[in-house]
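There are two complexes below, and they share chain A, which is joined by chain B in the first and by chain C in the second.
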Partner chain A sequence: MARLGIAGGMIVALAVPYLIRSDFWLGFLITVLLFAAMGMAWNVLGGYAGQFSFGHAAFFGTGAYASAILHIGFGLNPWLGLAAAAVAGGLVGLVIGTLSFRYGLRGSYFALITLAFAEVLRILANTAEFTGGGVGLYVPLKVGVANLQFESKLGYYYVALGFTVLSLGVGWALERSRLGARLMAIRENEDAARALGVDTFMCKLQAIVISGALTGLGGAFYTQYYLYIDPGIAYGPGVSVEILLVPIIGGLGTVFGPLLGSAVLHGAGELARRLVGDAPGLSLIFYGALLVIMVRFLPEGLMGLVWRLSRRRERAANA
Partner chain B sequence: MLEVSGLTKRFGGLLAVADVSLRVPEGGIVALVGPNGAGKTTLFAMVSGFIAPDSGSVAFAGEEITGLPPHLICAKGLVRTFQVVQPFGRLSVCENIAVGAHLHLAGRKEALERAREVAEKVGMGPLLDRRAQALTVAGRKRLELARALATAPRLLLLDEVMAGLNPTEMGAMIDVVKAIRDMGVTVFLIEHVMQAVASLAERVYVLNQGRLIADGAPGEIARTPAVIEAYLGHGAAARMVAQAVEASR
Partner chain C sequence: MLDPVILLPAAINGLTMGAVYALVALGLTLIYGVLHIINFAHGSLLMVGLYGAFFLHRFGVDPYLALLVMVPALFALGYVLQWSVIGRASHGSDQNVLLVTLGASIVIENLALYFFSADTQTIDTPYAIAMVDIGVALVSLPRLIALGASLALAAILWLLIARTDLGRAIRAVAKERQGARLMGIDVDHIFAMSFGIGTACLGAAACLLLPMFYVSPHIGHVFVLVAFTVVVLGGMGSFSGALIGGLLIGVTESLCGLLLGESLGQIGIFLIFIATLLFRPSGLFGSRLS
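Take a look at the complex of A and B:
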């Protein structure tokens, strides 16, 4: 049943660009997919392992800059740039993870340290020469599949879809692995996990590296999609918040939560823009309000709501 | 199996455990008793690697393990349970136990399979899909035991598994602990309930204010003056002897 649903969903996802032929809506779907994939990346660390990061921009920005700099400065093919961005994101994860988990930072302290890392990187990117400083970097326009630049949004849509499938696939595999079981144990009770032979430091480190690598990949995709990156976009708190909202809305520690969350978040965001218009900073207010509502009324996210409703229906059917 | 020598831990000015030496022979059940605050749990925490001792050493199966982190000690076959139960609340009973089973089994399927077997052994078979936070106190105590057991330990440290159980549940738990011993697992337990200690332990160590004050068979230590004083207050042993003499007159 679930497999049938996934197969059906895939067919629809592949066919969608031929059904809706609107550049605007295709762009909307690309954003949804990109943030679904990065939301799952955050979910690996935040949802499964329970380590809430408020600074995933550190990985996103590093991936974005890594592919841009390697392409502009060293002529690296952008497809290879994706891999390089994943490696760069994973390395940043390794550094942040080693420093914070080694010293036992948890909960809000971990959230703050990740936020601080992202801010430090933003300031560095603003002042450094090779990142183009505050002006940012422009990726030269050279349209071609080999160059990971497409004439229409269609190509970007399929790349984003592939990224989302990869990311959700990682989550799916994690749920069925020893590492996943250990991460959930750490989330629920770290001391009990240690008593049962779980090397909590190594497990959390693996989680943050996987999370960082996938988010870095998202950053590289962003660079190729917009062909421009600056410190505010790459390392700003906006990206961090958007990435963490996606799984919180959709459902922490679930495979399809991020996809659902991203669709709802960006759908509601688009609606708000149409109703109120687009003023700078408005989206952050909107995100903040949404976060408060979710944490207060639906801490298990929309997937939790779906699960509860289906249970109720089951019980009603049994009665 | 376990050899503790000269173990000492200070918390600021408080001497929590002072120069404690004891032995747990392979295949048996040994109990550690003592009034509240005697240092029993601190001693367990040092043996299992959760707290580093200030001095002294812990040897497990002839190998020095002092100061190793808990997960490495667990991997060697020494596992503890917690006095205050620590379930993985939002995971099912089966998933809880599987975390322990994963110590030696990498595959998810194998670990879940093993978890079901262990649950069966401790009488949790019907509760497999229940969320851990929905269990009763007795259920959580069993879960704590089952998870530890799933790591296939050689020595099990049980911290007050009887606390909070009613007499029926306690009887069942005593049977479970005996069954674990019969599987070849050595058991070292902290216990307040003397009835449980008497029916389980072959040897009892008594800790008071961080120091060992007596050891021996359960029947013996209950008559030791130092033990009576530790539980009932200074001079209690003398008063009891006086009363006994009075009564026999």
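Take a look at the complex of A and C:
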């Protein structure tokens, strides 16, 4: 049944661009997919392993800069740049993870240190020469599939779709793997997990590397899509916040939560723009309020609500 | 490059900036250090205080006089925020507090952006550029006042926590919530009081900051991570630690700026933060964490 649903969803997702034929809505869907994929990346670390990162921009920005610099400076093909960005994001994850987990940082301390790392990288990117400093980097326009640049948004849509399928697939596989079970044990009670012989350091490290690699991939896609990156976009707190909002709204530690969360979050932002007009900060007011409301009334996210409703219907059917 | 003629004024300049950081961090010491409420909205609440003092100045109220209004006003805001939003939405979990205060800060900051636009604003006061000659360097008067005020504020907070019934109740709640409740302490009220007092400190900091700083919706970003750094560096819950930590951070930033260039000055702060978290999470003056 679930498989049928997923197959149906895939067919719809593949056909959607031919059904809506609107550049604006295609752009909207690309944003939804991109943040669904990166939200899943955050979910690997935050949702399954329970380690809340407030600095995923560190991975996003590194991926974005890695692909841009390698392409502009060394002529690396952007498709390979995607892989390079994943490696770079994973490496940053390795460094941050090794340092913070080795010294046993948890909870708010972990959140703060990830934020601090992202800030350090932002300041460095602002001053260093090879990142273009505060001006940022422009990726030269060379339209062609081989260059990962497309004439219409259609191409970007399918790349974003592929990225989302990959990311959700990682989550799906994680849920069924030994690592996933161990991460969830760490989330529920780290000391108990260690007492049962789980190598908590290695497990958390694997989680942050996977998370960093996927987020770095998202950063590279962002650069190719907008053909521009600067320190504020790459390492600013805005990206970190948007990435973490998605799985929290959708449902922590679930495979489809990030997709649902991203759709609702960006849908709400778009609705706000339609209702009140485009003003600076407006969609963010909605994002912030949504976050508070979700934590207050639906701490399990929208997936929790879906489950609750379906369970109620089952019970009604059985009675 | 290490000529004392340049270094000393830079260090003193950093010291006075550090006093400002200490002012902002003192409130957070109570909120984060004592009660472990990870308040990401600290910077945005400072911004609210700055805008409050800024608009009062438009009506002809001197920023130092505005203290009388802004301190109670921000106390009330903090009390209500903790009592009605943060306390209720967090369901007693640390990670939820983290998210709720983050959400609150996003809302506050962007409301300011929506209503006041992104322009940075400053006020003109006759003493804004007044300088005091202290022998080795010239120090701006508002910064000197901030230094004195941060010492006074630290002393007041210490007295409040160590010597009053309210302080005793706050410490009891921080140590053992359930036990405190059984002794008849209204825990929710004490949490809201602590949060209110912490935000009231921001009201004071805002009034003292305004003559020498600017106001913009995003000004909280400048301070929020610095404030956490000061609290962690000084040792959780230690007011003297926050004071010394703040001064230390100010000097570090100033000297890093001098040696590495202005734009890299802040990096010293974050590297200290990371190093403190990794190697000495109990801070310079805090007791060892269990």
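What we mean here is this: the second predicted complex is superposed on the first by the 318 of 319 C-alpha atoms of A that agree within 3 Å, B and C clash if a C-alpha of one lies under 4 Å from a C-alpha of the other, contacts with A are read in each partner's own complex, and residues count from 1 in each chain.
As a convention for this text, a residue touches a chain if its C-beta (ideal position, glycine included) is under 8 Å from a C-beta of that chain, and two chains touch if they have at least 3 such contacts.
Quick caveat: nothing in here was measured; it's all calculated off a predicted structure.
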Greater chain A contact set [chain C / chain B]: C
Partner chain in contact with A:100 - chain B first, chain C second, else both or neither: second
Touched partner set for A:108, first chain B, second chain C, both or neither: second
Which of chain B and chain C A:124 touches, first, second, both or neither: second
Touched partner set for A:199, first chain B, second chain C, both or neither: first
Chain B versus chain C as contact partner of A:267, first or second or both or neither: neither
Chain B versus chain C as contact partner of A:291, first or second or both or neither: second
Which of chain B and chain C A:181 touches, first, second, both or neither: first
Touching both chain C and chain B, counted on chain A across the two superposed complexes: none
Residues of chain B touching chain A in the complex: 48, 50, 69-71, 74-75, 79-82, 86-91, 95, 98-100, 102-103, 105-108, 111, 147-148, 150-151
Residue numbers on chain A that touch chain C, as the complex places them: 50, 52, 54, 99-100, 103, 105, 107-109, 111-113, 115-117, 119-120, 123-124, 126-127, 237, 241, 248, 279-282, 284-285, 287-292, 295-296, 299
Chain B-touching residues of chain A, taken from the complex the two chains share: 176-178, 181-182, 184-185, 188-189, 191-200
Chain C to chain A touching residues, read off their complex: 36, 38, 85, 88-91, 94-96, 98-100, 102-107, 109-114, 117-118, 217, 221, 225, 228-229, 232, 261, 263-264, 266-267, 270-271, 273-274, 277-279, 281
